[in-house]
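Order as written gives the chain letters A, B, C and D; numbering starts at 1 within each chain.
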Amino acid sequence: MNLGNNLDILTITFYGSAILLILIGLYAALVKRSLIKIVIGLSIIDSGVHLLLVSIGYLQGGTAPIFSPAVIDKNPVMVDPVPQALVLTAIVIGFAVTAVALALVIRLYRHHKTVNIDEIKNLKW
Amino acid sequence: MVGTPVQLIAIPLLAAFLMPLLGKAWKELVRITPGVVLVYLLYLSVNLLSYTIDNGRIVEMIAGWSPPWGINLVFSPFSGFLATLMLFMGLIVWIYSYRFKKIEDYDDYEPTIKYYLLLMMLITASVGIVLTGDIFNLFVFIEILGITAYGLTAFYRGRDGAEAAFKYLFIGSFSSVLLLLAIMIIYSQLGTLNMADIAQKAGELKPVYKISALVLFLVALGIEAEMFPLNGWAPDAYSQAPAPVGAAFAGVVVKAGLYTIIRLIYTLFDVGGTYEYLIVMGMVTMVIAEFAAISQNRLKRMLAYSSIGQMGLVLVAFGIGKEEGVFAALFLMFNHAIIKGLLFLSGSYLVYHSKDKYLSELNGIGKIMPLTSFLFALAAFAIVGFPPFAGFWSKLAVLTAAADSGMLLIVGLILSVSVIEVVYYLRVVNRIYFVKRETDVEIQKPTPQAMLSMLVLGAIIIAVGFYPDVITGILHKASAALLDKTTYINEVLSQTIN
Amino acid sequence: MSILLVSIIIMAILLLGAAIYAVIQKDLLYAVIATSIISLILSIMFYLLQAPDVALTEAAIGVALTTIIFVITIRNTERYEDKKHVKVGNKIIKK
Amino acid sequence: MKKVIVLLLLAVVGYYLVDVFSQISFGENRYEGQNVRDFYLDKSKNDLQVSNSVTAIVVNFRGFDTLGEVTVLFLAATALGSILYRRREDAHGGVVLFSASRIVRAGSHLLFAPILLLGAYVFIHGHLSPGGGFQGGTIIATGFLLMLLAYHDYKVSHGVLSWVESLAGLTFVFAGLGGLILGKTFLENFLPVGTINYLFSGGIIPIIYIAVGFKVGAELTGVLYTLLNEKEYKKQ
């Protein structure tokens, strides 16, 4: 599937939505008082960064970097596989960090019976 | 040569994957394995270091692709020295935590295995950060370090540990996002992830990218290295984590963070003004942290702030630049690892059963626990820089370096901050020896192996104090290796596929 | 403008809408569902950006696993962000 | 007040990001001459005979990252267990996300095997088509998740999980050390590479990716199992 050559609109859509995702996530992580909301914010930031990274690797008219039998003889232009490999790693790492964060939230709930940071003494700053 | 640098990473990973199975065979193996691995790695690392000092860097390719195509590990006198130091501290921490009461105090065997696994990986991740020559690989190792550090901080089942760990994780997530953005900017412009290649091509970068990447990197790594506004996690994490882990944070983790900052500034980007920036940030970090330390009434928080202050001093020394500044900074890092390690290790036995670890609970403990108190006092004297202990020489080196560069203001500031340091450390020593004991908190005798690890550190402090030459030779080589950027680039990039 | 382009823009708007919804929604369960919608749209976007591997990963990890661990956490802690809702017995009452 | 500061911060960050990224052209070829992208594409097609070049990068060129990545998951599972650890006497009743009806149970049972098969297919063909160890492993974990949700008392044997996890991890490290032992470098391919687009191609790449698939599947199942078995706290 080819995205066409409306590069300006595509730039604004992909970069714009990625940057806005980062900002929305940042807002949630910094302003919200619920620990779960904060973790949601962090994972939204991660999503934005991943979108940004994949967009950077895109090449106009490129195909997916897979030499399937259909394309191998045509010597096609391919998008950059490196950012994709990096994002693959980053997604898995992000999941691991989210899992640990949520485990900590459950632990904090056990002790405090709340996930609101205003009521958890040491988390205020 | 006995082995290659990649074994420093591969063997602990092998052991980590094996440990759950070993535990099924014989439970004691879980406690012993990390120690055996660390001993072997230390042996390997010392051998490699002595080889490197004579013959120059070892650049190891991974997966058979020469730099800049593949990932590579660089074992230079500089990175090798730090890796050896980290492995040594790791071994000491392992000896200390072997059958450490508070870790073993479970009716179940599960947490023990997790503790040793996480501790071993904490050391390995730090070694990986120091050795790697690739920025994305650096990111992966920083994430490994992060996960282990969160797990270890929340290890005790009290509530404060989880709070400290969440705080750490929150700040750490921002750090990883910023790192990823910086890597992205560099890759989009230079099309490479290899450090030497980036250093070579950095001149082609437009200033906006260069500066933004550098700023993103500095903020992200400043979190690990406890730079000033980003160190909110440190005092909590230090005081809530199990005692040996606190020592590992001070001796190993912070070093890894500092290393990356230094590597970035000295090798990757030569943006004007970063050295001055380092000096300013270092000074600010140092002054604020030392003032925070003097107002603490809990032992571990005081030690944590003092540790941040020392890191500030190291940044100042690196900011002075030149051979002397780098030498002084490395010497400080070495001393800080050993001495702060001893302070954490011995201090935690002094306030073992106390709940809040107030300083007032140290009163008169010198008569009850003479040897531990003596070691604590020894470390306290060493860290404030009294002759003839190890700390004296490093502080002297910083002051000489600053004075030689004509930065008299800095000399004055360092000296006055040192006075604060002297005040609060002597206050503690005074409490230990000359104030009458009032609390009835129970006393815990150190286990023999904990005593052994503390004595080794104490012996090193005294030995380096009387014969600083044993360490300065290596340090000079290491600082020369760091400053020689061109050889670094050439040696890494001249590797070919064999 | 091709249909593809229009649908990409619509997807971007949905993506941001879901993100804003996830942030302002007080019911954390709905917020989590919104984050899984973000992941779903992202994975389509990755596919359009010629990154099928990343799309698969995001679909498997972002949509399925991340959502489920959030849901488990909410089940183990509390469902509402503010104090206006309290759980009495098995019912949730608005104050 | 705090919101104002945060909004200001967001404005600064947003302006900065837009400023930097608006200068990075979207969809254009940015590199001239020799560069990593072309090198990887070329080598993955001609030297390694791997069809999916992302797999080639993840497992071979940057295989060290992947080793680190599996370690991150492994440690996350470990840390999770340590964080949520509770003494047996404090434990009390499991969490029921929702009570599954008979139809759901029958459906889950029916779907379980095909999902596992799909996961295995995805990671076995990681070097030929999109997907691979991480995706396949996650799919397998989803299959177990289905069973865990449908049957509250569904037990995943911890012993089996840790055996699978450890053996898969050891396979990865030994596949890496194999190169070192044979006088090459760590993680270097030491098997014949075969022909591109055949199942037996790519040397050690499919072996490593299959190991990663098993490891990720076992680890994620372990994470889900630990979280699902988090006991509700004793009500005072």
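Here, a contact is a pair of C-beta atoms (placed from the backbone, for glycine too) under 8 Å apart; a residue touches a chain by one contact, two chains touch by 3 or more.
What you are looking at is a predicted structure, and each value in this text was computed from that prediction instead of being measured.
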Chain whose mean Cα position lies farthest from subunit B: C
Which of C-D and B-D has more C-beta pairs touching across its chains: B-D
Approximate Å spacing (C-alpha centroids) for the pair subunit C, subunit D: 21
Inter-chain centre distance, subunit A versus subunit B - centres from mean C-alpha coordinates, in Å: 30
Whole-Å separation of chain centres (CA-atom averages), subunit B against subunit C: 39
Touching two or more other chains - residues of subunit D: 24, 36-37, 40, 52, 54, 62, 65, 69, 72, 75-76, 79-80, 83, 130, 134, 223, 227, 230
Per-residue overlap in subunit A, given as positions that touch at least 2 other chains: 3, 10, 14, 22, 27, 52, 55-56, 58-59, 64-66, 78, 82, 84, 88-89, 92-93, 95-97, 99-100, 102, 104-107
Sites on subunit C at which at least two other chains make contact: 51-53, 57, 61, 65, 69, 72-73, 76
Which pairs of chains touch, using the document's own definition: A-B, A-C, A-D, B-D, C-D
Subunit C to subunit A touching residues, read off their complex: 1-2, 4-5, 8-9, 12, 15-16, 19-20, 22-23, 28, 31-32, 35, 38-39, 42, 45-46, 48-54, 57-58, 61-62, 65-66, 69-70, 72-74, 76-78, 81, 83
Touching residues (chain side subunit D, partner subunit A) in the complex: 2-3, 6-7, 9-10, 13-14, 17-18, 21-22, 24-29, 36-37, 40-41, 44-45, 51-54, 57-58, 62, 65-66, 69, 72-73, 75-76, 79-80, 83-84, 128-130, 134, 196-197, 216, 223, 227, 230, 233
For the subunit A and subunit C complex, residues of the former touching the latter: 1, 3-4, 6, 9-10, 13-14, 16-17, 20-21, 24-25, 27-28, 32-34, 36-37, 39-41, 43-44, 47, 50-51, 54-55, 57-59, 62-66, 78-79, 84, 87-88, 91-92, 95, 98-99, 102, 105-106, 109, 114-116
Subunit A residues within the subunit D interface of the complex: 3, 7, 10-11, 14-15, 19, 22-23, 26-27, 30-31, 52, 55-56, 58-60, 64-69, 72, 78, 80-82, 84-85, 88-89, 92-93, 95-97, 99-100, 102-104, 106-107, 110
Contacting residues of subunit A [partner subunit B, same complex]: 22, 29, 35, 38, 42, 45-46, 49, 52-53, 56, 82-83, 86, 89-90, 93, 96-97, 100-101, 104-105, 107-108, 111-112, 120-123, 125
